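The chains carry the letters A, B, C, D and E, assigned in the order they are written, with residues numbered from 1 in each.
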Amino acid sequence: MKAIEIFKELGIEYEEMKVKGNSTPRYRAKVEPDKLEEIIKKFKTQGFKHFVALSCVDWIKEGNMELIYHLFSYDTLEDVFLSIYLPRDEPKYKTLRHLFPQIETYEREVHEMFGVEFEGNDRLGEFILEDWNDMPPMRKDFDTVKYVKEKYESVPLVEGRGDKQ
Amino acid sequence: MKEFEIFVGPQHVGATGNMMYHVWVDGDTVVKAETHVGYLHRAFEKLMERRSWLMNVALIPRICVPEPDVNEASYAMAVESLMNWDIPERAKYIRSIVLELARLSGHLLAISGYAGAIGLYTVPQWLIGDRDYLLDLFEQLTGGRVYHIFIFPGGVRWDLPDGFLRKLGKVLDYLESRLKLYDDLLFQNKVFFERAPDVGVIPKDKAIEWGVTGPNLRACGYAYDVRRVDPYAAYPDLDFEIPHYPKFGEFEVLGHGCDCYSRMVVRRLEIEQSIRILRQIIKKIPDGPHTLKLPNPIAWKVPAGYAYARVESSKGEFGYLVISDGGKVPYRVHVRGPSYTHGINVMEKIAPGLNIADFAPTAFSLDVCPPDIER
Amino acid sequence: MTDNPNPLPSIIPEKDWKKIQRMLSKRSLWMIHFCTGCGAMEMPPTMTSRYDMERFGIIPMATPRQADLLLVTGYVAVKTLKRIVRVYEQMQDPKYVISFGSCPINGGLYWDSYNTIKRLDKYIPVDLYIAGCMPRPEAIMDAFLKLMKDIDEGRADGWLRYRKYYDKYRANQMRVFKRWDE
Amino acid sequence: MEILGIFGIFVLVPLIGSVIAYLFRKYAVAVAAIFAAVPSIALYPFYDTNVSRIINIGVKLNLTLDPTTWFFMLMLDTLAFSALLFAIPYIKKAQGNFATLILVALAGANGVLMARDFLSLYIFWEMMSWATYLLILRKSGEYARRYLLFGVLSAYFIIMGIGIVYYYTGSFLYSATTGIPMSGWFWILLFLVLGFGVKMAVVPLHVWAPYAYCAEQPFVAFLSGGLSKLGTFGILMAMYSIAGISILQGFGTFRGVSLFGYPFALLGAITAFIGTVLAIFQDDLRKLLAYSSIGQLGYVMVGLGLGTSLALGGAIFHAFNHAFFKSLLFLGAGAVIYRTGKYKISEMGGLGYKMPFTFLFVLFAIFALAGIPITSGFISKWMLYEAAIAKKFVFIAPLMLIASVGAFLYCFRILYGVFLGQLSEEHKDVKEAPAPMLAAMFILMLPLVIFSIVPGWILGWISKILVSMGLKPLEYSTFAYYSPIGNANMLIMWIAFMLLFMVSMIIFMMKKARVVDQLDNYLAGEAPTQVQLHAAHNFYKPLKDTWAPVLKYSINRAYEKFSQFFVEGFKEIRKMYTENPQDYAAYMGIAFLIFVLVGWWLL
Amino acid sequence: MSIVNILIQSTLVALYLFLAICIGLLFMGIARKVTARIQNRVGPPIYQNFIDVGKLLAKKTNIKHNWIFDFAPLFALAGVLLALAYLPMGGYKMLSGTGDLILLLYIIAIPALGFALGSGASANPNAGVGVMRALTLMLSYEMPFLLVLLALMIFYNTASLSTLLEKQMSFAWGIVALPISALAADIALQGMMMEKPFDIPIAPHEIASGPLVEFGGKYLGMLMLYSAGSVVLETTLFVDLFLGGGVVLNPATYGVVAYVVNYLVWFALIFVVWMIAVFINAVFPRFRIEQAFKFYWKWPTVIAAIGLAQAYIMSVFLGVIP
């Protein structure tokens, strides 16, 4: 089934994204967080079997975290981007790893980089970073230059270069 | 405790780059594997939010070292989508040349990595030696051996240099003549027939659901290729086949697909197809400008919106999700690398039951490239 | 830590013994197989038929116990730095470090990245830097030759410095790591 | 000395000791060790004595001490003493019981060795068997029943043999064997060899061994090293003393080897191979040693079957070596089990760093087991190989040779799994084995070293045995030994090895090395605090996978299926099993009668 | 034997052993060079391995895990030298008059066992797995190899290597008399030398160079000497068994000249045997261990069994007595 028909069937508003270079159509839709699982299941049964990615966007001005679930269908050759918005100060969502196994990995990354909690995913924790002691670094209010100055620039040089053997 | 633990990586010959597989082994069979990444995390997505649209072109090739051009191409395509630019035909063809050369070099590396993992060191020596001719071509074309920074939004950096196509043709002839030797050495080697088939099998019905893409998906028997399903650059005009299991042409069909053998043979056949594509491009390439007339690079403003562009790399689907809020810098860029699923999700799932002798070859046959996992 | 005494002091003069040692270690540099960063991409061409670094007796080795030469190929993420230090400490003296590319010198392209250290020699002693992003195989070969010359002249003394200023290096390392074990 | 005095020392002293030791309760084992020491020390003056006396008490009995008896007694009594010495700290519960039974078994064994008539042989044999049974019972009733089943089988076989002899000669004496026809000889020898073969655990009669050898380690050391040699002794007596070489040759010969012996030699080679293969895959330390024991006794069987003087000498020598190194191994395993309480190889590891002396003793035993030339274990294997090769036996020789390669595999499994590798957290405080244990192991190690440098001594004793059986003596000098096709000089080898060892030592000593922690290890750059690095479970998995189709045909399972058939078929009869020992005894008596009658009827 | 005689003999043996180790190092260097040429490279100088060993022995720090760790270099080097001492080289009997093939077979196990012990002492699972593979490989290649040895011993009716050389000189070289066995032996030799496709125990991609994983410095240096010795040991074993040990002139008639000529011929022959192994090594990937096991117990064993049958028939039924 074409993505447009599914959207219509589910009664979701969608917009078409601009595409240059590539040729398949891409649709973007904003959905309610609690309906997302059902919608993804619907898409999955309708041929959207390839889960491309889960991205997170930190909309600091709006105070939102946007999670973008990106699906692709090899049958109809369409991309679907399903967005949900979570409150920024306490982002929390349930895990969807039972739908597509790679969602688990994406959730681990989003958790580490943005601080989004996924209930039911027991593998959250240190993933990419190690010994991290600051706020999740991909958040917009994390100042990487300041962090670099504090952490790395302040380390002193060790003298002794040029000492004879 | 029955199992012992082995760390494959980061400092391990069998690790595919700087990453770590924490492996629990019973006897010599893997019971469980966990992928640990982050050794190469440079926070590209964060840095891209701090750099202007054009500066990012210099940054992103570093995401995938063996094949940097796919980053440039997909980023450029995503930005072009946002800007609503149509790039000139010649630029598309030149992009295709660069991408195909990159694919060739990526496949040569992948095959030599696998051959090294099963202990045939002559193959890496030859293949990487031959790959240097491709790097020479890159050098002539772009000025850099590894990082080219050649494709950027609006076209490519400059036109083909004089005599480039002739030289390209020569290199292709040479490479084609060498393929026979590779076949003799690796692809028709009896020990390879023993070791590769039915090792590291991805269940065929799960392959798409697990997010397997690229040659690994084709080795499972699906003829899906981004160049076909979501064509870009000059590929709609070009004629090429999509090698997939069990259409291996002159090669024997051993095993039941989705295994190391199919993955390697698919890569080997794609080298032939790339040569074929490049030959067509040499014939077909149109004249014209190589780039659009670009606005002032310092004051680029990209209209707000979402754009996703995907490119077929030698490892699988490479995609960029670019989000702009209309400012001078991207608001958010998300990079979808093929190794993200291959290296973590697929590897953790197919590892149990593998012999430890087959662990490194399986990882190499999936062609996992850690930098595009953690960026 | 034991030093390396002259086995036959009556026959070989002390000076010559050192010279012999340096000659031996310069002609047989075993490199540890550790791709710490993207610079490792230019290692295969350097190792293989076109540039062939085995001409100088440099071959990749599987484990740090066997190796003399650590190549830090490119940017160093904090997580990798910890492994580099461990590997470096497991190597046996004399050992040499070549740092590769622009990033370990001053941060390079990633000067503002929160996860890469900016100067490698704050954490482990570096005998030789190769600049460039990324250095060409010719540059790498040149660096190897330079390192051999340095060893011959006794200037590649990073391992001695590490031994001497061990506490300082360790203190610097601990400023970026929260804890030492995993 | 008068034979009765000798009988007193070697049979009655242990018997009396068994009663006395029982009274001492807490110190019973120590007291028993003293009583075991008496015969083993008293043995030495009797070297080269040859006394024999026929005692007529209605039936004629014959007790003898000759070089054969002396040689085997040397083995058994030393082992019994070491085992008891080892048991002093080891046995915690019911000491009196243990000490008594061991001494009874020793007395029985000595009696078997001294007996030269079938009646006393049978009495002492049963004495030894029942003591063994009760000792195994201390560990597990199930295992003891398995032993009992085969012990009874063995007894039946022996009795049938005896019955046939008595039928023809009317006498129980070994020497009175005139007038037996060749067909009679065939049955006699077959029954006797099978009967004693059970004790030697020859395939397919080996099934009891892996279970019996799970009993307490000091006893198992004595059982595997010592008591199983009674089987060797019995077959040796039956084939080469009672029957004699000329009767064996009378069955026809194949390149100078009796056609009666050749199948047994082949069986022995197969036993060696199967025992070795099964040993490779065991995870239980005791079972591994048990299968190894089966395999090694297969070698002895080869020698006994071939019956040339080189082969027979090799067999006797190998029995001697096996007695010592296998007991040493069982004692070493016992020391480890005593300290850790673990039986599984995969649960140990790294104990060699904590128990260096135990490790060295076991290492030496393993050198002997594997046949490394710096131990005497090599020499006996060498003799057996050369005997087979000189006769151009193309089936026996390769089986033995490949089995000895297989022995390397399980040897390393013991060494690596138990003593090397990662020392686990819970064994951080393990201490060296107590002094009596070490002393016991040291005693057992000595002959292995001495006879490897000076094989001439022991070859002299063995030659004497061979001569007494009418075979040619061995060719040997003090340090060297010869076969028709080759020779080996141990002194030159030792000197060369020592010199070359010094050379490498000099190169080695030029530099000092620093000791690092076991977790400062190549872990690919990682440094976890808690990590499991001991790769001992399923160690030979590739081999096991490869051989899985063959391994599923287990003889053990065949027996179980067989018994299952009976269980299914005779559910009613099963009700006879009232769990009342007296009933069992009654059944056994009935069965015994039936067997005797059947034997009678057969002839 | 007088004291002087013994001294001369032992000096000669020492000289031969020293030369053997040097030849081994040289051969390893040549192998690297040849492999490099196959791989389109220049390759290191052929004396590179001497430098490597020198460097390793001159390393300034050495680490060990415990005292059992020391067994590896000591037993390995002493054992391989001892085994070499029992091999006739170029017609010089060394100690082979005082010990035969079976003794040699077991002496060869000493270095391997010592090496296994030392590497096992290092709590590294890679070492454990590596030794497991090495032992399994040993079980694999020994099957054909023992059959081959048996064929030789049955055919020439001796287990003594020096007698074997004499009989080969007077009758015919083993490769002429028993060509099938020679083929099987050469296949077994590839596994014995742990060259590809049988370099499974030290596979760096799989188990990070296996038993060698924790050795460095002088330990590795001495183990390199050991492997240099084993190269000569294994090639010489083949040459002694099948190529008459390179004996072309009878020392009894030609004296010292014969020794020199024989030594050179022996050198040429072991070089040829080594080169065959190196060429195969360069163009094959490695097996998995169970595949190696299956391989060896299948075809080479069948070939060796046919060779054994040939030797048996010739010796027993046809009465050919060399």
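As a working rule, a residue touches a chain if its C-beta (ideal position, glycine included) is under 8 Å from a C-beta of that chain, and two chains touch if they have at least 3 such contacts.
This is a predicted model, so every value here is computed, not measured.
J.: Using the touch definition from the top, what's the fewest steps needed to get from subunit A to subunit D?
T.: The fewest steps needed to get from subunit A to subunit D is 2.
J.: Which chains contact both subunit C and subunit E?
T.: Intersection of subunit C and subunit E contact lists gives B, D.
J.: Taking each chain's centre as the mean of its CA atoms, which one is most distant from subunit A?
T.: Result for max centroid distance from subunit A is chain D.
J.: Which chain maximises the distance between its CA centroid and that of subunit B?
T.: Between subunit B and the rest, the longest centre separation is with D.
J.: Which chain's mean C-alpha position is nearest the mean C-alpha position of the whole protein set?
T.: Chain closest to the assembly's C-alpha mean: E.
J.: Taking the mean of the CA coordinates per chain, how far is subunit B from subunit C in Å?
T.: The mean C-alpha positions of subunit B and subunit C differ by 30 Å.
J.: Quick one: subunit A and subunit B, Cα centre-to-centre, how many Å?
T.: Averaging C-alpha atoms per chain gives centres 23 Å apart.
J.: When the centre of a chain is set as the mean of its C-alpha atoms, what distance in Å lies between subunit A and subunit C?
T.: Centre-to-centre distance between subunit A and subunit C: 38 Å.
J.: Between subunit B and subunit D, tell me the centre distance in angstrom, where each centre is the average of that chain's C-alpha atoms.
T.: 64
J.: Enumerate the residues of subunit A that touch no fewer than two other chains.
T.: Residue numbers touching two or more other chains: 129-130, 137, 142, 144.
J.: Residues of subunit C that touch two or more other chains: which are they?
T.: Those would be 1-2, 4, 33-34, 48-49, 62-65, 79, 83, 87, 112-115.
J.: Among the residues of subunit E, which ones contact at least 2 other chains?
T.: 39-41, 59, 61-63, 125-126, 128-129, 132, 204, 208, 213-214, 217, 288-289
J.: What pairs of chains are touching here?
T.: A-B, A-C, B-C, B-D, B-E, C-D, C-E, D-E
J.: Please give the residue numbers of subunit C that touch subunit D in the complex, ascending.
T.: Residue positions touching the partner: 1-2, 4, 7, 34, 63-65, 83-84, 86-87, 90, 180-182.
J.: In the complex, go through subunit D and note every residue touching subunit C.
T.: 510-512, 514, 520, 522, 525-529
J.: If we count contacts the way the header does, which residues on subunit C are in touch with subunit A in the complex?
T.: Where subunit C meets subunit A, its residues are 78-79, 82, 107, 111-115, 117-119, 121-123, 125, 154-155, 157, 160-161, 164-165, 168-169, 172, 175-179.
J.: Taking the complex as given, what residues does subunit B use to touch subunit A?
T.: So the residues of subunit B in touch with subunit A come to 37-38, 41, 43, 45-47, 49-50, 76-78, 80-87, 208-211, 213, 222, 224, 229-233, 236, 305-310, 317, 319, 321, 323, 331-332, 334, 336, 340-341, 344-345, 349, 374.
J.: Can you list the subunit C residues touching subunit E in their complex?
T.: Touch residues, subunit C against subunit E: 1-4, 20-21, 24-25, 27-28, 30, 33, 48-49, 52, 54-57, 61-66, 68, 91-94.
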